[in-house]
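The next block holds one structure in the form of structure tokens; read it before the comments.
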Amino acid sequence: MRPSGRTPEQPRDIRITRHYTRHAEGSVLVEFGDTKVICTASVENKVPPFLRGEGKGWITAEYGMLPRSTGSRMGREAARGKQGGRTVEIQRLIGRSLRAAVDLSALGEHSITIDCDVIQADGGTRTAAITGGCVALVDALNHLVKEGRLKTSPLKQMIAAFSVGVYKGTPVLDLDYPEDSEAETDMNVIMTDQGGFIEIQGTAEGAPFEQEELDGMLKLAKLGIGQLFEAQKAALAQ
Amino acid sequence: MRPSGRTPEQPRDIRITRHYTRHAEGSVLVEFGDTKVICTASVENKVPPFLRGEGKGWITAEYGMLPRSTGSRMGREAARGKQGGRTVEIQRLIGRSLRAAVDLSALGEHSITIDCDVIQADGGTRTAAITGGCVALVDALNHLVKEGRLKTSPLKQMIAAFSVGVYKGTPVLDLDYPEDSEAETDMNVIMTDQGGFIEIQGTAEGAPFEQEELDGMLKLAKLGIGQLFEAQKAALAQ
Amino acid sequence: MRPSGRTPEQPRDIRITRHYTRHAEGSVLVEFGDTKVICTASVENKVPPFLRGEGKGWITAEYGMLPRSTGSRMGREAARGKQGGRTVEIQRLIGRSLRAAVDLSALGEHSITIDCDVIQADGGTRTAAITGGCVALVDALNHLVKEGRLKTSPLKQMIAAFSVGVYKGTPVLDLDYPEDSEAETDMNVIMTDQGGFIEIQGTAEGAPFEQEELDGMLKLAKLGIGQLFEAQKAALAQ
Amino acid sequence: MRPSGRTPEQPRDIRITRHYTRHAEGSVLVEFGDTKVICTASVENKVPPFLRGEGKGWITAEYGMLPRSTGSRMGREAARGKQGGRTVEIQRLIGRSLRAAVDLSALGEHSITIDCDVIQADGGTRTAAITGGCVALVDALNHLVKEGRLKTSPLKQMIAAFSVGVYKGTPVLDLDYPEDSEAETDMNVIMTDQGGFIEIQGTAEGAPFEQEELDGMLKLAKLGIGQLFEAQKAALAQ
Amino acid sequence: MRPSGRTPEQPRDIRITRHYTRHAEGSVLVEFGDTKVICTASVENKVPPFLRGEGKGWITAEYGMLPRSTGSRMGREAARGKQGGRTVEIQRLIGRSLRAAVDLSALGEHSITIDCDVIQADGGTRTAAITGGCVALVDALNHLVKEGRLKTSPLKQMIAAFSVGVYKGTPVLDLDYPEDSEAETDMNVIMTDQGGFIEIQGTAEGAPFEQEELDGMLKLAKLGIGQLFEAQKAALAQ
Amino acid sequence: MRPSGRTPEQPRDIRITRHYTRHAEGSVLVEFGDTKVICTASVENKVPPFLRGEGKGWITAEYGMLPRSTGSRMGREAARGKQGGRTVEIQRLIGRSLRAAVDLSALGEHSITIDCDVIQADGGTRTAAITGGCVALVDALNHLVKEGRLKTSPLKQMIAAFSVGVYKGTPVLDLDYPEDSEAETDMNVIMTDQGGFIEIQGTAEGAPFEQEELDGMLKLAKLGIGQLFEAQKAALAQ
């Protein structure tokens, strides 16, 4: 039934490649099938003005798509002179989600910026970015420990995310672009590896969705996200 | 337990005043307690480029806060030269939600812009804006019928929204600012008057939230939103 | 002769409502007939860079119109990314005028921003904004005294403003939109309650105007502005 | 009494040089003493969107200062990414004033842009720009006639402008920078060569000004502007 | 003598990978040692306004660096709201250079945009971008032929580029970042595969350079660029 | 053969007028035939953030064209809200070139901004700007010595620039606009008065250029630039 031939609860191939580029404190290429996102974590020895002198750290995210990561070329946001609404919405979501991974009080006055740049898009870029960004973040935190700037890593929990949706009446996991553009409902679920929810964003694209569909999607998401935590763990073990 | 003395399932006083200003096709002052938002609906005889020649209409929303609608003055977005991320996120949510109220194919080549301008803020501005904006939208649709530009109103269903959250461990309805700034979880629920969900956005502010809390918040939201549909109906009956 | 049936020297109904919104140190709704402007005065404990360390205060103004305060919807300046020329011109006029009300040396290192947001426009928004903004300013100054941050109010004089014009050959006071759009000459007169001029801006819209017409308009303005000072006094007495 | 040793009614040396640069349809260097402004008039065969198909023409102005036209270097507006409030205010005034010189209905669907670029500033740049810009405009109109694009020049009347002010208690004409920065009142008067007023903008810089001072300043302005019309005539006769 | 141990005339390892991403008509990963740039070529069926109706095509380029492609994180240009001077300079150079590869009259009314996004930087990003961009361009031209939109490819000649410089007194080829930041002279040489120069940009970073050094650098460049044409040919043969 | 009747090695009339405007520390009008550029040098007692506390100075340049310096009016960059790519490229070139004239370590913590504003354009504006800007810079350096802020001038060498090109197959010096728009190759050569190259930028506009043409152009440039150093010397001697 799914264009890709996957079963409803079957995600795409998940690949997480660490040390993808050389300069960043954490650098990950995350692939959810044909969706490919470079996630880098950059550490700075300063915090935004609203946190100065608080002894706490900060984590933020920025998101971008290469102009031709998509089927038809999108205008370059730097050339147009502003980030679009969708970009802003996504980078705020990534930032909020990844802040939940870390004890900011134990991070000291460091900022970590997670840059998520989509080099190829096929649906699910924001969930891939959160999942891969969390691995880059772990590497950056460990880098701070290794360099003696922190005694122990302030990581509280791993964060990962999957999209779920209702496609032709059936809840499905990890929608690719052909599914995403026709789904009745689209939901992004961000969870911790202890099973709690960090964020849920569900949107009816056509008809409203009912409690039963919501429950079905959340069930799929919980099962699927478990596999993401395993993929993160395997990547971090290498 | 609540700073306002309300019970967990008790919303603030809801007031919906139609014909609040004189020029717009729909003009509503919506008040959720001390939160006050002017919602106007403006009709134009044209559609955005991506819809030209499709015979369909479009509904979009813009959101703004007066600089001193809040406790301390915020910089004016027009003076700073760009809308902030929060503004963009909210106006996209309002637009998506209100498009679900209308059969766009039956709207003809008209655009309706819902402007939501907060003149006083005390939490819940986006849910007030959706609830009041839907009434302004109904007035604008009826205006098109009255002027003979449409035969019947393309309204499919009413849309309303409440925030719910977990405050000191208890799910509560319609958070005001003092609650909102301390809640563990904050969720905006947008529903149709037929009981379906249009959008759910739940965010863990501190600890992750569990399925049980989610269920409790959704239950509260459904009950509360029923009261909003009654308030909309009463306003439209005048 | 006037579309509204008023006599040449008759202003519209003037209403000044203090404490209109809750957060600002001064908050006034000013109405000149159907023209309605929210004026808030916000105090900050700092001054612009060019005044730092001078021991003096500063007063500035910002002006905006809700997109649908007018007959047809205007683009939102925050969305377009810049304030238009007319907006800039008006807010500079309001700021200059209200600075004349206050002994800036006696204000200490405080800044007061007067935000004037038009929620319904029917001509004369800048003169309404100056007149109502002065009342909001007085409240903000008294707030500083009440809080012990100033010993006495640095108010020197009240400021108020009316538009006058030549409409169908006759000088008239307080033009509404139908008059304003057809007037041969349009003049804004800003005065102190001691009878001096703060600013005069007269523009020939069609034919040039002569000394005699100028004299006629100034005479009308002086008489009319006296009524504004009474309205301000009455509002401040409540 | 005046820093320059001039009598109150004595303007600075006025020089108007036509054909100052080679490309523009009208190109004038205007000098009011040490204030030097290049005014060019550029003709285009199109009108702004709001005038399309009306058979009328349009005249607009833009104003700029070279960064080091002033005593200390000002940031370049092109580099800062926006025109300042003062610039916007001045170019709107120049545009309004020069539109009064021409019968726009007889101009046909042509636009004329008057660019006024200050290369050296010593007070009075806007009045110099209006006075010199009018001469550039006349040359551009004559150019249209010479090229056969118009049968006769649509010029209705010449426009010129002087600043007047109250300096140390005395009304004076054509303030230079040292006077301007200390004047109690500053007024720009724009007139036609038939003696009517096009625009009057008077601002109290310190104390309010009285009717008597206003009368004194207007009298000086009328006398002075007569000399500007002679200078324009002499320049155009060459 | 060189930090990398290379001989003066030895370039870094050159790798050109075609079909790197899936959506673009041409998509190449080009690597000059640790410098890695994704070059995509996107075809559109329209040309810029200045070419409309001329029957000719256009080729342009845009350049960007991922924020953490460099040793310390650079601010994202999309977030800062403008492209920096260096970015603009580089993308203009790439566009000019690649236009020389194609007979624009034979391209028909098509535009091709070459996006060059640096994912890892180690000196020489602009020369890598030109060299890899030319291969992506060839693929896009062949795509137009394959789809029947052009009868034959309008490719005139291949273009490639190397940097040369004077490092510790010796001319060297293909500077990496450690060399680039200390070189006395830095020159980018863009050539055709028929041996002509398309662009030469040489800059003295410290002391001026002499004719003899110029000759030495150009000689190195010519030899080196020959190897780039071979690498392009090998990639296109696969 | 040349449209102007000049011989290939003949430059246009070069005029350098010092003290052209009154406020700047250095102010020069430079004319290469009909190309006229005002170059001012402004001294500030501070350096950019990246140099603070280093004890060194900085030299930078900004470039602009009056809207009607050219045959058809260009949009004003300040009004469009950004500097175009060509402007950015040129001002970076001027800045780099003039920094080579000065020992920045001996300049102390001063910044000098060279503003180059084109009032009439006929080709070669950037080379005129560099040549005239260097004279303005010398005056600004001498001003610092005269005021006792520096003991001796940190001038290391004079800098001047000419364009050369291949026009109808022949290398020519100092192209004017009619030549520039038809030249096969266009090259800007910036040199020191000791005969070294500071920057070479050669671009093939049509066919690629060969080593022989390059040699021919460089030879012309060297001869021509010698005359510029004499013109600079003569101007500085007055």
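All chains are identified by letter, namely A, B, C, D, E and F, in their written order; residue positions are counted from 1 within each chain.
Heads up, the rule we're going with is that contacts are C-beta pairs under 8 Å (C-beta built on N, C-alpha and C of every residue); 3 or more make two chains touch, one makes a residue touch a chain.
Owing to the predicted nature of the structure, the values given are computational and were not obtained by experimental measurement.
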Checklist entry - What are the chains that chain D and chain E both touch? => result F
Checklist entry - Looking at C-D, A-E or A-B, which pair matches D-F on over half of its contact pairs by residue number? => result A-E
Checklist entry - Which chain maximises the distance between its CA centroid and that of chain C? => result E
Next on the checklist: Do chain D and chain F, two copies of one chain sequence, contact each other through the same residue numbers, with over half in common, or through different ones?
Outcome noted: same
Item to check | Distance from the mean Cα position of chain D to that of chain B, given in whole angstrom | outcome: 50
Item to check | Distance from chain F to chain E - Cα centre to Cα centre, in angstrom | outcome: 28
Checklist entry - Taking each chain's centre as the mean of its CA atoms, how far is chain B from chain C in angstrom? => result 33
Checklist entry - Which chain D residues touch at least two other chains? => result 81-82
Checklist outcome for this item: Ordered round the ring starting at chain C and going to chain D, the chains are C, D, F, E, A, B
Item to check | Parts of chain A lying in touch with chain E, wherever the complex brings them together | outcome: 21-24, 27, 34, 36, 38, 40, 42, 44, 62, 64, 66-73, 76-79, 81-83, 87, 113, 115, 117, 119-121
Checklist outcome for this item: The answer for chain F against chain E in the complex is residues 82, 85-86, 88-89, 91-92, 96, 100, 187, 191-192, 194-204, 207-211, 214, 218
